[in-house]
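Two complexes, one shared chain (chain A), two partners (chain B, chain C).
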Partner chain A sequence: MLFAFLIATALGIAYLRHLFAVVMLAGMFSLLSALLLLSMDAADVAFTEAAVGAGIATILMLGAMALTERQEKPLKSSMLKRLPALAVAGSFGALLIYAMFDAPPFGDPFAPAQVHVAPYYIEQTAREIDVPNLVTAILASYRGFDTLGEVVVIFTAGIGVALLLGGFVFRERSK
Partner chain B sequence: MQHHLVLRVIAKLLFAPILLFAFYVQFHGDFGPGGGFQAGLIFASAFVLHGLLFDVSSARQFLPDRLLQVGAAVGVLLYAGTGLASVLLGGNFLDYDHLAEAPTSGQHLGIILVEAGVGITVACVVVMVFRAFADHLPCLREQDW
Partner chain C sequence: MNVTELVMGGDAALFMSGMNAHLLDFLASGYNYWMAVVLMMIGFYITLTRSNLVKKIIGLNLFQTAMFLLYISIGNVANGTVPILTDKPGALYSNPLPHVLILTAIVVGIATTALGLALAVRIHEAYGTIEEDEILDAEAGDS
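Coming up: the complex of A and B.
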C-alpha cells in the first residue's frame, strides 16, 4: 500500500512541470519513505528521514526554487532523441530487478548482513555499553569513527554552502 | 508574510516546545529512537520555522551568525576531543572505556559527549545553510506562489 503511494508520488514528480508542486511531492515522498521504514521497525532511520527529507530538505528546496524559476521548461527534444535515455534507464532497471532475485528474502536471519558483525553487537551491547538503544550504541561507540566522519562531512558542507552563498561573516582585522 | 496572523501565533507557541523536544531527543537517544543528529535537526527546525514567518534579523539578535560558525566547529572538536581524551587516558581513539572508572559508565559518558557534538554541529550547520538561502530571497509576495 505504502509502496503504491510511493510510486504514484514518484510518477507525479516526473510528470509535473510546476516546481512548487514537485517540491511538495518530494516532501511527501520522504514522509512515505519514513512510514515505510517505520513499518520495518527502523524507528531511528524513519525519524531521520522524516526530519531531513520531509522537513529541512523541503524548506531548502523551496528556498532554492525561489531563487530560480517556478516552472520547469518544457522539453524541446524530439521523441527519437529521448530513446537512448529510455534505453539506458530501462536496461538499468532490468539489471536491478535481475539482481533482486539473488538478494536474500526480506527478514532472512541468515542473510550475509545479519551474520557478519550484527550478532556480536546484539550480544555484547548490554555487557559492554549498557545502553538500551542498540542503534545509538553502534553509531556512537562501535562505529564511532564513521560517525565522526559524517559530522566532519556535515561541517564541511555547511562551510561550503556558507562560502558559496555568502553567509559567512569574517572578523574584521583592521580598518 | 505580514498578515499570516494564525501562522505567526502558532509558530510563537510552538517555538519553545520544539526546542524542548529537541533536548528530549538529544538526551533520550540512549533509551529510545533519536540522538544528536535528529535532535540537531529539530533544534534547527524551530529557528527555520521562525525564519519563515518572521524577519531573519530578529532571530540573528538571539542567535548571531558568528555563534553558529563557532558552534559548528565546536561540535566537531567536541567529538574529536572525546576521542583524543580516550587516547590520553590510555585507550584507543574513540574507545570510551577509559573515560570513567567503570567501562560502561565511560561508554555512557563518551556517548553523551559525542552525541552532544553531533547535535551542536548539525543544528548550527542547518540554521547556517537556511540563513544563507534566506538572505538571498527578497520578501516573497503572495502572488509569487
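Coming up: the complex of A and C.
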C-alpha cells in the first residue's frame, strides 16, 4: 500500500515541471519512505530519513531553487529520443527483478543475511557494550571506523560546497 | 462454500485455493524487492531523461531512497521487533546491521546531494541556466 503511494509520488516528480511542487513531492516521498522503514522495524533509519531526507534535503533544494530557477523548461528531445533511456531503465529493472527471484523470501529468519554477523551483535552487545539500542552499539562501537569515514566524507563535502559557492573568497573581500 | 466450489466442485476448488495460496506466498516473498526496483528505475529514468540539473539530482535521490528500502527489506525478520534489547526472553530482533549501513548511507547521500546542488548553483552563476542542452549550446557557441 505504502509502495503504491511512493510510486505515485515518484511519477508525480517525473511529470511535474514546477520545481517547487517537485521539491515538496520529494519531501513527501521521504516521509512516506520513513513510514515504510518504520513498518519494517528500522526505527533509527526512519528517524534519520525523516529528519535528513524530508528536512535538510528539502531545505537544501529550496535554497538551490531560489538561487537558480523555479521552472523546469519543457523537454526539447522528442519521445523517440527518450525511448532508449526508457529501454535501458526498463531492461535494467527487469534484469534486477529477475535476479530477485533467487533472493531469500522477505522476512525469512534463516536468510544468509540474518545468520552471519548479526547474531553475534545481538548476543554480545549486552555484555560487551551495554547499550540497549543495537544500532547505536554497532554504529558507534563495532563499526566505529565506518562512522569515522562517514564523518570524513561529510567534511569533504562541506569543504567542496564552501569552495564552490565561494564562501572563503567572499570573507576575504569583506575584510 | 464459495463461488469457485460451486462452479468447479470440491477438488478443483481446493486445487485453485492451493494455487492462490502459493501465488500469494510467492508475491509476498518478493513484493518489497520488486517495488524497490520499480522505484529505483523511476529515479534512474528521471536522471537519464530530464535536462534540468536540480531535477536530475532529485532523481538520484529517488534511486537512493529506493536502495535504502531494498536494504532494510533484506534485513527484516518476520515477526521480529525493532533491534533495541528488551528483557523479554527469546525476543526476535530484525537484523541491525543493514540499519547501520543505511544510516551511514543516508548521511553520505545528503552530503553528495549538497555538493551536487552547489555545483548546480555554480553552473547557474557561470552560464545563467541549469538546463543541460542550453549549457551545451553555450559551450558550442564559445569555442
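The rule is short, and it goes like this: the second predicted complex is superposed on the first by the 167 of 175 C-alpha atoms of A that agree within 3 Å, B and C clash if a C-alpha of one lies under 4 Å from a C-alpha of the other, contacts with A are read in each partner's own complex, and residues count from 1 in each chain.
One rule holds for everything that comes next: a residue touches a chain if its C-beta (ideal position, glycine included) is under 8 Å from a C-beta of that chain, and two chains touch if they have at least 3 such contacts.
In this text the structure is predicted, and so the values were computed from the model without any measurement.
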item: Clash-or-fit label for the pair chain B, chain C on chain A; value: fit
item: Touching partner for A:D41 - first (chain B), second (chain C), both, neither; value: second
item: Contacts of A:I7 with chain B and chain C, given as first, second, both or neither; value: second
item: First, second, both or neither for A:P109, with chain B first and chain C second; value: second
item: Which of chain B and chain C A:L67 touches, first, second, both or neither; value: both
item: First, second, both or neither for A:I138, with chain B first and chain C second; value: second
item: First (chain B), second (chain C), both or neither touched by A:E49; value: second
item: Which partner reaches more residues of chain A (counting touched residues only), chain B or chain C; value: C
item: Partner chain(s) touched by A:L19 [first = chain B, second = chain C, both, neither]; value: second
item: First (chain B), second (chain C), both or neither touched by A:I97; value: second
item: Contacts of A:I154 with chain B and chain C, given as first, second, both or neither; value: both
item: Minimum distance between Cα atoms of chain B and chain C in the superposition (Å); value: 7
item: Overlapping contact positions on chain A, where the chain C interface meets the chain B interface; value: 43-44, 48, 52, 56, 60, 63-64, 67, 132-133, 135, 139, 147, 154, 157-158, 161, 164-165
item: Chain A partner contacts - residues on chain C that touch it in the complex; value: 25, 28-35, 37-46, 48-52, 54-55, 57-59, 61-62, 65, 68-69, 72-85, 92-100, 102-104, 106-108, 110-115, 117-122, 124, 129-131, 133-134
item: Contact set on chain A toward chain C in their complex; value: 3, 6-7, 10-11, 13-14, 19, 22-23, 26, 29-30, 33, 36-37, 40-45, 48-49, 52-53, 56-57, 60-61, 63-65, 67-69, 72-73, 75-77, 82, 85-86, 88-90, 92-93, 96-97, 100-101, 103, 105-109, 111, 113-114, 117-118, 121-122, 125-126, 132-135, 138-139, 143, 146-147, 150, 153-154, 156-158, 160-161, 164-165
item: Chain A to chain B touching residues, read off their complex; value: 20, 43-44, 46-48, 51-52, 55-56, 59-60, 63-64, 66-67, 70, 128-133, 135-137, 139-141, 144-145, 147-148, 151-152, 154-155, 157-159, 161-162, 164-169, 171
item: Complex contact set, residues of chain B against chain A; value: 29-35, 37-38, 41-42, 44-45, 48, 52, 65-66, 69, 72-73, 75-76, 79-80, 83, 93-94, 96, 103-104, 107-108, 110-111, 114-115, 117-118, 121-122, 124-126, 128-137, 140, 144-145
